[in-house]
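You will see chain A twice below: alongside chain B first, and alongside chain C after that.
Then we have the complex of A and B:
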């Protein structure tokens, strides 16, 4: 894909101005809730928010604002939730990257009886919605005594991320030239050697794509966490925020602090890595 | 598909490569999905065990459960609304952004931002926007002098579902914009240029060159959007808990989860899951047939 052929020079014309006005209006309306959330979280009391929802905070006392955020992070358990999300996301990421690249290598380079059938089964996995396996998975984890542990989330997130990961990695590997692995085989490499020394270094761009949608998926997932996790100390961020909302229903300033803490870093990450993230999140749709 | 040159002999090693992924996938997705089909013929109560009830769950769902039927209708309403606020709006913005005036790429980056946020966070933020007393939407109406238009957006049967649809558009319009934009990038510049030389206006180029060539992307977007509509859970669970006013914003997924895990009707919930999955598969099948016919007819 040839990235952004240069933008055309600006010519002053009424339609062009109209388009600018439209885009600015849409993005202003779109970002206002986020901007409002951020500056309202600096207000000292929920009363101040209720009294004048649109107004700016009365004072910008940094130490008070910092104390407010610190309270949210520690007493509001947001810190715990973030740590849980980090742990679950990280473990899921490792498992998915290892398992899916190995499987994709076998599906694209090696042969075993039933290979194509098994690949088709993985493809069917692309369209299975979470709700389709939720209840028996819950029963399964209950039998295995895994309910309300981090492991059930890690296993479930890995399993659901695998089909798309394998699909994307295999498509990438099929297009890699075979000269390199053939010469490595002639030099006496085993298939494990070819995989570790030749394939993995070559597929890092595809691994980044897979990593991005796997990590974001695990970070933001809600339904499975809602069903599987009950302990306060194990809740992931989406689940924890909802609990936090339940405890602080009328303390709007803390609530907005909690939402801001979790939103702004994600937006910052997006703005830094926007090209890779867009690629990662649209990969599934564009490859179809 | 089998490769002519198989560099390694034996199939034990290849199987070892696939095994971890397959075990994980089978254990968490594949077998439980089959299990849903089995469970849908049972009644399962926690602590009381289970028994076969045949098709009873299905007849219950289709003939006696008004909430479920309403939730299917709501889901279709949500589907059509999201086709407009997500896909159609995304297409319009993509076509505008593709005109490449200076700075337009910045808007493209901005519009995609909500895709980063968890639906729970988005739902909670928008609850503030829609709050009947202190919400910024109603306050805006009040300060603009439309005090009589102030409205309990999420608490009223008429507006609960549309209000959530707007939020859905807020999140996903940028996603579909990116898909359409990627599709527009693949259209050869020479095609548009030759149309321009033949005297087509900018609008005519879009209408007769760009939009027809986006048909395939459009089909993918409609598929993703409509299957996504049937999976919808998070936003509705957060924004209109308990299905909203009188179940007016109940979705199949929210009702399923409540039946299964709040009312402990795991078998009945499985039957609802089977019906829902069948709808998703049906939509995918229609898409596949459409693709197949296009390929057969046009090539």
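Then we have the complex of A and C:
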């Protein structure tokens, strides 16, 4: 299927041209902020950015740009923030992937009393905005002595990511034929065996999709981190970058360097897993 | 290998829906038994209960001498081939076939030997490193069968394994599974809704309807001596013709009167019909037992009927004529060389010696 669409030659026609023009325009609109952020971070001063916000940097001296990034890294304490963001994102990712895949398996393949009700409760989580549970969550973490620890972020991010993750994975699993489970059971698998040896390998595209959504959410999250984290040593990247916002002035060139550093890991992950992510998003759309 | 015994097995689904009712059957060692019936008749459920994929509500199932009602599927020593093959998409053909043995912790060289052996039997040795996605329907089916035979189970279970194949491949695989049975000398239970598959493959056939066994018999016995109208209508293509009418007695002989025609019944039917003069009856006759007058030398005039031709279906070796008397319609299977005009009247001959009579109330066969 992919072979056919890949090998299909471009046929010149007015509607096709219009479509391509539209797609190029949309892509440009999506990419421009990233490109702007990157080349603006190469500018030497905050003034240069403010005076000519859209223009290219005057000075392309690579050693100066490298020094500017190095300064941002050290002065902004970015190393610590990156480590915190990586730790929180990674732990959230593990918890969400393990819990949501097991929950989705139970919701899609096993029968137990109250199954659909519990699933509906999870779905309700999709429509509750973060702001609505911010204060109760704050109070709860305070009671549990978890405030200003990495755990409060990990638990909060996992909790908010679970409803969508379970929803996506369950939808994916429902489409897998039940005969596969039964065949595996006859072959000698237990329920755990069916889950681990058959279901999980088959839902890799969906896991990649859930993984990228979760990682993006945890990596970029700002509000909860701002409320729950006080210690400098525990701050995550979005929170740490606040340091470049002075009361009187904003050091835009350093801020943009920091933002570029923040963005790179997520873009890299997306590029690595993009095939699985697209498969995960379009699964079930076509008959196999 | 082993025999399989169903002892008064009943299966109820939630809401007290009866899937299988009081099902008793003994499948002998090395026997090939086919469960056949229309959709929803309980044939797959009966098979799945042997596999352990459905719990038995009441009754007992034995594999060999062991009661297996509460034995988990993996410990029943059975293998099952599913309708949609159920191959693991992320594993190669080799891994698919080796999976069950690997879980049972067989030594690596034993697994290798068994998989190669099965692959050779099925002619799939060159496919070992492919994934199921890269196989045709027929090849997938072979791999599914291969996965079953590497385990050398006591009982093979087939759940409509050929339904997803095209007609030509189905005929080919039908013969291959029969050959496999002869070669492995294994006990096999095979579920299908296709009566042709059942007739060509089974040592014995179990015809089911609404969760109940209608008849258990060899293919020819089933064809020649159906126990009731359902079995008579289900087995055979085109199906048996059923014509409603009455028994009449005249000049010491019994006749079947449809209303527009009357034919003399065969001598051997007389003892059963004694005392039934005037009684309603269902007359059953297979299409091949109705011939055009031109095909029959010296026909008995008391077996001839005039009917109007509604449709002519030439199928190559023979032709199917859809005929009507005005009161009833029926099909005749005649020689391909015969030509008939649609809407023209034809004289046809009923071979009443081969006809069947059914009680219209109980639907049971009288002859």
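Definition applied: the second predicted complex is superposed on the first by the 185 of 288 C-alpha atoms of A that agree within 3 Å, B and C clash if a C-alpha of one lies under 4 Å from a C-alpha of the other, contacts with A are read in each partner's own complex, and residues count from 1 in each chain.
Simple rule for what comes next: contacts are C-beta pairs under 8 Å (C-beta built on N, C-alpha and C of every residue); 3 or more make two chains touch, one makes a residue touch a chain.
On a predicted model such as this, the values are computed, not experimentally measured, just so you know.
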First (chain B), second (chain C), both or neither touched by A:201: second
Chain B versus chain C as contact partner of A:179, first or second or both or neither: second
Contacts of A:188 with chain B and chain C, given as first, second, both or neither: second
First, second, both or neither for A:103, with chain B first and chain C second: first
Chain B versus chain C as contact partner of A:62, first or second or both or neither: neither
Touched partner set for A:250, first chain B, second chain C, both or neither: neither
Greater residue coverage of chain A in the superposed arrangement, chain B or chain C: B
Chain C-contacting residues of chain A that also contact chain B: 182, 185, 288
Chain B residues within the chain A interface of the complex: 1-3, 6-8, 11, 13-15, 17-18, 20-22, 24-25, 27-33, 35-36, 38-39, 44, 93, 96-97, 99-105, 107, 109-121, 124-126, 128-129, 133-136, 139-140, 143, 170, 175, 178-179, 182, 185-186, 189, 202, 220-221, 223-224, 227, 230-231, 233-234, 237-238, 252-253, 256-257, 260-261, 266, 269-270, 273-274, 276-277, 280-281, 284
Of chain A, residues touching chain C in the complex: 177, 179-180, 182-189, 193, 198, 201-202, 288
Contact footprint of chain A on chain C as seen in their complex: 51-53, 73-74, 78-80, 82-84, 86, 88-90, 99-100, 103-104, 133, 147
Interfacial residue positions of chain A with respect to chain B in the complex: 1-2, 4-10, 15-16, 19-20, 22-23, 26-27, 30-34, 36-37, 49-50, 53-54, 95, 98-100, 102-103, 105-107, 109-113, 115-116, 118, 121-122, 125, 127-140, 155-156, 158-160, 162-163, 166, 181-182, 185, 190-192, 195, 216, 219-220, 222-223, 226-227, 237-239, 241-242, 245, 252, 255-256, 259, 262-263, 266-267, 269-271, 274, 277-278, 281-282, 285-286, 288
